[in-house]
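Following: one structure in structure tokens, then a few remarks.
So that you can tell them apart, the chains are marked A, B, C, D, E and F in the order they are listed, and the count of residues begins at 1 in each.
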Amino acid sequence: MKLSARNQLPGKVKHIDTGMVTAEVVIALDGGGEITSVITKKAVENLGLTVGKKVYAVVKSTEVMVAVD
Amino acid sequence: MKLSARNQLPGKVKHIDTGMVTAEVVIALDGGGEITSVITKKAVENLGLTVGKKVYAVVKSTEVMVAVD
Amino acid sequence: MKLSARNQLPGKVKHIDTGMVTAEVVIALDGGGEITSVITKKAVENLGLTVGKKVYAVVKSTEVMVAVD
Amino acid sequence: MKLSARNQLPGKVKHIDTGMVTAEVVIALDGGGEITSVITKKAVENLGLTVGKKVYAVVKSTEVMVAVD
Amino acid sequence: MKLSARNQLPGKVKHIDTGMVTAEVVIALDGGGEITSVITKKAVENLGLTVGKKVYAVVKSTEVMVAVD
Amino acid sequence: MKLSARNQLPGKVKHIDTGMVTAEVVIALDGGGEITSVITKKAVENLGLTVGKKVYAVVKSTEVMVAVD
């Protein structure tokens, strides 16, 4: 499947915190730094996410803001 | 200003494409790779964005999806 | 690629309206009804979207609201 | 109330999973297929959502991605 | 129609800037201050938005960030 | 830090409801009315949010819908 979302950053799952409905997934990016994702607990199960697994952090462009110091 | 959005990736503006209402800003991340943002044309002007400027790509965690191969 | 976004509705592209930065893509869902997407013009080009092409409308669960009459 | 969000798909609540802050609402679409929504627990209460209730899944166009096989 | 989105702030349309696909709608809030919305040009037409019209700015809670000085 | 998000409404934290992963933060706006935010529990901790604290509700323009009666 090829997706319109233009931001697909490769990394590895570093940490998963699971709640009742949602889960927080911290991804260590291959390029350095981390990105945090909040998805449903069921999505974590569907994808079989575990610490160390290779993943992509995917973000639609309209969801990305820009900041300057 | 300190923001709740937990993803703030440093980089430099690589390219700006300006439309009538929105603009597409491509950011070369310091860690490698690129991230594309769509913000309003007025936000580009307010921030004084130009190619080469140091910026952060900022994303709320609930906007980040996870994908696996 | 398998994605955490749990809403992936099959359909066909019915109409594309292209602006300078963004494009509006109307998808006729296989189950009936339509769904409208706004993505970047470049994403339309990257995916090779044309009228009649089979696609999926993909939505992250946290972006779906519920309404009652 | 008439809303700018152009995607308003009719269906019935199939399942509700309630957490401490958020809840996951699965909607069986009238046209077939399902759509999953994550909203606050309080919104579930405010709308009086229960299994079987007629609802609309509402999505802003800028939140809809497109995928191809 | 009653909507799960818990933020519905009353105001009046102050300005509309129309592009090819999207439009920027600036709303003067009844409580003071402004809020800017980017919706599709067709949504502006569907709602019959004009300067001075009474409207609500509607935002899903998961889209609201918090900042501190 | 200066942010592209054009909606930054001042207020005070009125209530915080904390779940396992997310938290709901209700902000009493200085201009009157309330706005509800769902952010991660860790963001609440990082910002040191407590009832009464002065904050801004921050929303990207593409996340704001418009409704009419």
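Things worth noting here:
Definition applied: a contact is a pair of C-beta atoms (placed from the backbone, for glycine too) under 8 Å apart; a residue touches a chain by one contact, two chains touch by 3 or more.
Not measured: the values here are computed from a predicted model.
Contacts with chain B and chain E are shared by C, F. The fewest steps needed to get from chain B to chain C, moving only between touching chains, is 1. When the CA atoms of chain B are superposed on those of chain F, the rotation angle is 180 degrees to the nearest 5.
Most remote from chain D, judged by the distance between CA-atom centroids, is B.
Of the chain pairs listed in B-C, C-D or B-F, the one whose interface repeats that of B-E (more than half of its contact pairs identical by residue number) is B-C. Comparing mean CA positions across the assembly, the chain most remote from chain C is F.
Centre-to-centre separation between chain B and chain D, using Cα means, comes to 29 Å.
Centres computed as Cα averages put chain E at a distance of 17 Å from chain F. As a whole-number value, the distance joining the C-alpha centres of chain D and chain E reads 21 Å. Residue positions of chain B with contacts to 2 or more other chains are 1-6, 19-20, 22, 24, 36-40, 42-43, 47, 56, 58, 60-63, 65-69.
Chain contact topology: the protein chains form a pattern that is neither a line, a ring, a star nor a complete graph.
Contacting chain pairs in the structure are A-B, A-C, A-D, A-F, B-C, B-E, B-F, C-D, C-E, D-E, D-F, E-F. Of all residues in chain C, only 3, 5-10, 24-25, 27, 29-33, 35-39, 43, 47-49, 53-69 touch chain D in the complex they form. Of all residues in chain C, those touching chain A in their complex are 1-6, 37-40, 42-44, 46-47, 56, 58, 60-62. Contact residues on chain A toward chain F in their complex (touch as defined above): 17-20, 22-24, 36, 38, 62-63, 65-69. Contact residues on chain F toward chain A in their complex (touch as defined above): 1-5, 19-22, 40, 42, 60, 62.
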